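Listed below are the structures to be examined.
In what comes next, chain A is part of two complexes: it sits with chain B in the first one and with chain C in the second one.
== the complex of A and B ==
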């Protein structure tokens, strides 16, 4: 359908490619932009830099392998949908549904994330520097070596980890000021309905707030064991390295962990007795 | 008006049919500086994934400074006979100051448009009833019983331009770029439950209140019956209509403060209320009890424009945040922007070198309110009664 896609700019002797996603200030249609990305990757380039991105959807959809996509601008909904392996770096905010049903890979957002991040993700890592919206980590799941990790530097809103079926969500509750300083966020670490319907996986929140009144059906606050805290250390370190944060501030507050009370939180409802 | 003359269900489903929600945008210049429509067209047209060519519309406030004392009636009319009838009818109840076609340019894809007409009107002043109430009664009568005529907007110094088509087509059709307004609302439609027809496009308007909406109002039946008891008639086959009338009822007629109105329409859940201070519990439970039939249920995000009591832009989403809404404020804090997606703001940055001081995601069920002369009153991240001087008397249900 899309023919003769003109390639604007390439760096000499490099595996890197640059695309202007809004030539003359007019953002390309998402289909054309994604088609360009596929064609460039087909030619053997392993890094694509997208400039002036303005809400184009599905960037990085279904891409496989050791690729790197750097986005300058604002990627649209469903960034990295069905992705299996590549690394996406967003220099700025993102919109909703990033990492939708992602299989493997890494998405790094140097700004705010939108709602429904990591929807049904079954592997890979999503690191968001600042705040995120509603329903983050809804129904993320793990199986054998597949283990999705969501790490949020700021705060989350309602329904964090809703219907979670595995994996790990960490929320740090920090605020990143425009002058580069880092402090504790003035907003609550998460909203209501925390972990509604969770039946596997862990939500770890760096806070001293009382989470009890905000828990959803099937979730409970447990004491964080030393071993568990050790297992999250590598992710925290990677997060601090990625966003160049001094890790000292993170040690100033304890963690709380939210886990399911059972593997079948709705076992007693609906047709539980029939199964 | 025969609405089914102005639908195009089959041929308008052109390529790119991806299932999605509607796109909404709006902005206000708090110093009343008037912009032409280019900025709002840019903000809306970038959301082209959020429409399917079955309706789009714009509302501009401050577009008719020459006739600002008169009600500007924007009309969709079937034929010349209906128009003559209407003009004769209106003449009996007041003065027609000016009666003229809305300038349009018919682009190739907009077929079979109705006659678009505007009348600047002044009802006969009466002791017993205010002009506003007279106008509401007149508009309800016209929309409900008058053949071949539909009033799409009726406020002073403002107007709604809407129809069937893609947003850029409707912008061309009405030549939105030629109007200058200090507040713009815009909507691109993705009709799900009701037909896409000219009158059913957004914004919906009554006097100075205009609403653009993304989502579905599942409480439509309850809201409609509630409004009918106050003399409103829902005739447009679309759920959004009730939101416009509810804002008109609560703010213009009952003079409820805007923050309380938004609480009445999207109140916190009872489980949340139970955890609040006693006085807030009393206030919220009483608001919920009084306006139980006005509460909006279902997924929605709305942008509302008011010119009463002062020109105001309101953004509100449902309590569970099932539809998106993003807000931004310009560097000089003079303009407040709302949109379904942040891409609208990014587009302004790209095309017009616009810089924003802050872009943020408001809380669900919490209103953003920006008012001319007062600035950004609420940024949508507050608790319900923050910044409100609340004095509570009585008890729950008392």
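== the complex of A and C ==
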């Protein structure tokens, strides 16, 4: 559709490409930016660096394979939608619906995330260093070897893990100060409606707060078993390595786990009599 | 002993003992356990019979008849047996009543109140067997106008400036509606897709993903993105003629979906991409769509994901404010718009919603078509309309009211053998259509079912041509929104007003 797009700058002898997403201070239309990314990848480059990103939507939409996209700036909604494999690194904050219906891949946000992160994701990892908004991890699923993991360093708002149908959400409740120090967040670990309608999967929260009053329909707090704690260790380690956090602080607080009461929370609500 | 509140059965199974050979074929074929053999003879449990007629069809000596059991309930014009049964059923178990297929209330059909025009004297009719009548439809967004670049110095140097959106061509204005693998069986899906390919018409995938075996029929399949996003991955998006964002369904506007875990066998699990035995819940709204702007965002996302190669559309149920919503959808970038009327079918929906929510498709088509015209958007978008298009007459009238393509499901199921027993949600379909149980699915012969669908729509297409010929119209595109070729004979002139159709005689 968009032809003859000029690609401004290329590093010598490298598989890496740089794109200025706002030449002369004018942000490119998302269609043009995404078409550039698409054409560069078609030429065989495996890493794209986007500079001055300024709210352009759908970056990384439905890309496949072993690719890396590094974003300097603020990507718009639906970052990595339908993505199947690539790794996206955002050096900054992100907006809403990152990893929407993602099949596989990894999204790393070195800042705050927006609302509805990981909507209906079937696989892949989303690591957000700081806080996230509402309805994060809604309806994430799992399938065969695909297992979505959302790891949030800060805190979350209301309806965390709503309709959850698989996968894993971990919230650590840390605060990252501008001087680089890490402390416990002064905000609640999550808001109301925690895990409403959850029918599979786990939400693990690193907190001693009483979660009982915030639980949504069909969710329940359970004790975290030692074996389960072991299974999340690799993700915590990867998170600490990615964001260069000393893992010692994470061991200072225990975890609580939220799981579904039953696989069929509303099974008895319908009847199929012949009328 | 407590008092029994079991309500009387609808049907009575009558076995003619004199000619019954006691071969027990009927007991094997009855998936609802209404027939059994007690060692001496075939016995029936009328309370379990749904009148699916499988036993009748399979009995080698024709010994079985299903009769209506209406002999003893005291008659009442207001508290009909149906209402009494609903109350008995609810007071028995306290749940929301489920139902299947489309609205079964005897509400007057507006299609039946419309009459078609034909040529006499002043304009000649066309013989469809000897002259060409075009039933092709181009599916997708059309440009508002076509612009050429002019070269003042060289008048022969003319080139097209308008950018075209993706379009494809179908041979008849017919789409087989969205029935997912899960609501219907693998064999039923296969028969439908094969028929759609052979006829070069469209079929919907439903919201349950697309099995790999069906990828080869992709050029005739519109895949669906619903709130559950089941089976949605890059292959699903790229193996389709078009993609439809499902907001609502005529049988259950405003309602989500729920495929119970026990139906999620390995086939459904692979197709929907969820673990075996896991519930498949479709949330009521899309949680990334709370406004027209959000919808426009998902439309743009899908266009990005498919690199602008296929049309992206939106399906809504016909509800009170369909017309302004439709305008928002078209302005939001949808290449096609599907409206599903209140009689539309379902594999499972709460009875209260199926029977009482939404508006008739006839009124919705007219309202949406008129409103899009007022906003100068009508010619840009393809309008698909469904929700009880029962036979070719309904299809023709829907097109004349303003639809580009008519969408239907029940006629396809009936063609394959469905007897409309309305028990789809129980998964026990004895005809192998609305079931996932292997021994039942095997009963549906794909080749036979496919050929019956092909015959059905071939017949519709021929009848469409007959009508077009009689009207003196040589292309179905000229019938679209041609409401002057319709007249109303129903009891309510207000309906004629809304439809923009004159009364017969006017």
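Note that the second predicted complex is superposed on the first by the 269 of 275 C-alpha atoms of A that agree within 3 Å, B and C clash if a C-alpha of one lies under 4 Å from a C-alpha of the other, contacts with A are read in each partner's own complex, and residues count from 1 in each chain.
We take it that a contact is a pair of C-beta atoms (placed from the backbone, for glycine too) under 8 Å apart; a residue touches a chain by one contact, two chains touch by 3 or more.
Predicted model, so just to flag it, every value in this text is computed and none were measured.
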Pick one for A:22: touches chain B only (first), chain C only (second), both, or neither.
first
For A:120, using the defined touch cut-off, is the partner it touches chain B, chain C, both, or neither? Pick first, second, both or neither.
second
Is A:57 in contact with chain B, with chain C, with both, or with neither (first, second, both, neither)?
both
Look at A:206 in the shared chain and tell me whether it touches chain B only, chain C only, both, or neither; answer first, second, both or neither.
neither
Which partner does A:106 contact after superposing on A: first (chain B), second (chain C), both, neither?
neither
Can A:197 be said to touch chain B (first), chain C (second), both, or neither?
second
Taking the superposition as given, does A:163 touch the first partner, chain B, the second, chain C, both, or neither?
second
On the A-aligned overlay, A:82 touches which partner chain: chain B = first, chain C = second, or both, or neither?
second
More chain A residues in contact - chain B or chain C:
C
Once chain A of both complexes is superposed, is A:38 in touch with chain B (first), chain C (second), both, or neither?
second
Common interface positions of chain A, toward chain B and toward chain C:
30, 57, 77, 96, 135
Which part of chain A faces chain C closely enough to touch in the complex?
1, 30-31, 34, 38, 57-58, 61-62, 64, 77-78, 81-82, 84, 96-97, 100-101, 103, 116, 119-120, 122, 135, 138-139, 141-144, 146, 162-163, 165-166, 197, 199-200, 263-264, 267-275
Please output the residues of chain C touching chain A within their complex, sorted ascending.
10, 50, 82, 85-86, 89, 92-93, 95-99, 163, 228-229, 232-234, 237, 260-261, 269, 273-275, 278-279, 281, 283, 287-288, 297, 300-301, 304-308, 350-351, 423, 425-426
Using the touch definition from the top, list the residues of chain B that touch chain A in their complex.
46-47, 49, 272, 275, 320-321, 324, 341-344, 346-347, 350-351, 359-361, 363-364, 381
Touching chain B in the complex, chain A uses residues 22, 25, 27, 30, 52, 54-55, 57, 73-74, 76-77, 93, 95-96, 112, 114-115, 131, 133-135, 157-159, 187, 192, 213
